[in-house]
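By letter and in written order, the chains are A, B and C; residue numbering begins at 1 in each of them.
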Amino acid sequence: MRLPILAATLIITAARVSAAEPFIIVQSTTSTQNSGLYDSILPEFTAASGIAVRVVAVGTGQAIMNARNCDGDVLLVHAKAAEEKFVADGAGVSRSDIMYNDFVIVGPHDDPAGLSDAKTVSKAFDKLESGDFVFTSRGDDSGTHKKEMALWQMAGVDPTQASGTWYRETGSGMGATLNIAIGMNAYAMTDRATWIAFGNKADHKIVFEGDNALFNQYGVILVNGERCPSVKAEEGQAFIDWLLSETGQSAIGAYRRQGQQLFFPNARK
Amino acid sequence: MLEIGTAFRAAFNLIVGFDPDLVEIIGLSLQVTLTAVFVACLIGFPLGAVLAVGRFPMRGTLVVLVNALMGLPPVVVGLGVYLMLSRAGPLGVLNLLYTPTAMVIAQVILVTPIIAALTRQVIEDMNLEYDELLRSMGAGRLSQMLTLLWDARYALMTAALAGLGRALAEVGAVMIVGGNINHVTRVMTTAIALETSKGELALALGLGIILMALSIALNATLMGFRRTAERLAYA
Amino acid sequence: MLELVKAVQPDEATLLTLDEVTLTRGGAAVLDALSLDIRAGAITAVMGANGAGKSLALRVIAGLIEPDAGEMSYAGEMRAPLDVSIVFQRPVLLRRSVRGNLRHALKVYGVPRRQRTRRVAELLELGRLGLIADNPARALSGGEQQRVAMVRALAARPKLLLLDEPTASLDPQATQAIERLVRKAADDGATVVIVTHDRGQAKRLADDIRFMHRGKMVEKASAKRFFENPTSAAASAYLAGELFL
């Protein structure tokens, strides 16, 4: 019977993978992962520090929940209010701005709702309220979803009343939601980085952008080691320090997709 | 719209280019899945035999339960295992979350009911024929189960293959407990999910084609082995 | 006359006694207060029409069926099922080679591992199975399969060998081979009980006959007397080919 030997080998190799080098776990958001940012900057940090970074990319809501459960050393997301609450609750040590970009609204290339004519995002959302055009929302408590809800509130529209009709909550990640929007010829809100890096744009394009309200700030937080003894505070802090340092910031700023800068470093000096 | 041809070309390029990331992902997929199925067999075969041959209270209920567990949603299993292995969970100290071992655990939970339920069916059918003989020979329950398991070994391979198919194809559980971490816990299915969410549909479909080819190759190999072994050894 | 006297004496010559054994299936008594005794060292043929309860009686004796009422007693030391072997009409062979089937049986019977190879060789020779020892057992002809089942039953060196129509679906040649094994077992001291419809076989093999009708034993005789002069109406009708349930 060679099978048990095979299995034993498999189990041993499985164990080996997890015990190689010092590493930290970063609970983060899909936009940073899907845009390729981590693939671009992490090797630089690992080479300099000898610390591997394992990114778990989920929605901001889930990332914060995971970090609350102590299942990560660093939290890097984009929902400032939720991040500040995370720190205030003692789950995180302190929060730092790290970079920003902005949200955009994408839609069919002929923009049937005429969102591009709107002056503000509130006006743009008003146009959707008529119900003649479909808007797909993440509906998953992610950073993008939280932002979108805040914008609807600003516009004085409660789209959840129309959930299932012109307002479709996908309950999925950004990419899945974009795929659905494209399949349904619908509008959607996404962060610019994800959109630029997105491979399945079909005929969709950005139909609204540029409102200050669409600002998208990313923050980084060290998970509180006093509350979570498993946290690798030293390594985690090293990663945060690097992100906020000159080197880290310029690495973020240097990342380009299709000639466009996706994230703009804005750590306080 | 995406052309299937593009997907095949993507799959072809990945394979021909012997993409090192792809090799790593396939390797981890096989490692996690085969380990999980092996462990699930170690549990599921005896469990199925006990359910088939054993006579004890609640047996019928257990059979129904195991059959029902075949339909466990992977996401639910993933969430359950996450809650167990999370630092905040009871087994957090083991430090297993976001490791291949966590993925193996989740898949064992998914696959064991399938293997146990199919084993029970196979063994129960065979026992209709064997029961009187083995009892007349004075074989105890344990000896009876071992005889049945051994004689059913080729049929049980089909049960293991069903489990393998499930483990190889599921994404929900390994995504949650593995975290889809590049070079650590990224497997075929989570890579496909990732590429889909990046809108790289051709690449995602290409990976899907490779996964299917892998599954077909595994099945063909094992079924071929079964046929040869059965023919050579016993009718 | 002499035999009758001998039969009523419950002496050391009786190996097995069933006393008013009753078995109910679906509200009907399929064994109806069946009393039956088997003479030690003899070959006893249990005869009767289909549905008379012969096979069920055999299974009760083998310990495979628990009767609803009545008692069964063995003379002397009998460790059922170790000392009792049963061969069914349709041989149940494991999905292994002939040799594998015999090894498995020896293992179940608790024969030490070291002795098994030698014992298997003996059994193969006994059943004249040497040339097909490594063939898949279930791919053999019906006669060969039943020979394997016979020697497997004998592997336990049983004191009591129970045969449930072992040759019912075999050709004359295969039947002959089985009968040779039955006689051999009896010569070696086993008590044999054989359920059979084959009158020729009963005449060839049996010392005693127990005739069953509707779950009861209605006639008990030596084989010679039974065939020459059956006393019960049911047995007479059966031998005349006129008994139907």
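Definition applied: a residue touches a chain if its C-beta (ideal position, glycine included) is under 8 Å from a C-beta of that chain, and two chains touch if they have at least 3 such contacts.
Quick caveat, the model's predicted, so the values are computed rather than measured.
S.K.: Using C-alpha centroids, which chain lies at the maximum separation from chain C?
M.R.: Here the answer is chain A, farthest from chain C.
S.K.: Would you mind telling me which chain pair, B-C or A-B, is linked by more contacting C-beta pairs?
M.R.: Taking the two pairs in turn, the one with more contacts turns out to be A-B.
S.K.: Can you tell me which chain is nearest the middle of the complex, judged by mean CA position?
M.R.: Located nearest the centre of all protein C-alpha atoms is chain B.
S.K.: Calculate how many whole Å lie between the centre of chain A and the centre of chain C, each centre taken as the average of the chain's C-alpha atoms.
M.R.: Distance between chain centres: 79 Å.
S.K.: Roughly how far is chain B from chain C, going centre to centre by Cα mean, in whole Å?
M.R.: Inter-chain centre distance comes to 48 Å.
S.K.: Between chain A and chain B, what's the gap in Å when you average each chain's C-alpha atoms?
M.R.: Taking the average C-alpha coordinate of chain A and of chain B, the gap between them is 32 Å.
S.K.: Residue numbers of chain A touching chain B in their complex, please.
M.R.: Contacts found on chain A: 3, 6-7, 10-11, 13-15, 17-18, 25, 30, 33-34, 38-39, 54-57, 66, 68-71, 173-176, 178-179, 197-202, 228, 230.
S.K.: Across the complex, what residues on chain B touch chain C?
M.R.: Within the complex, chain B touches chain C at residues 129-130, 132-139, 143, 147, 151-152, 233-235.
S.K.: Which part of chain C faces chain B closely enough to touch in the complex?
M.R.: Interface residues on the chain C side: 59, 62-64, 81-82, 84-86, 88, 92, 94-97, 100, 104-105, 108-109, 136-139, 156.
S.K.: If we count contacts the way the header does, which residues on chain B are in touch with chain A in the complex?
M.R.: 1-2, 28, 31-32, 34-35, 38-39, 86-89, 92, 95, 97-101, 104, 179-182, 184, 194, 196-203
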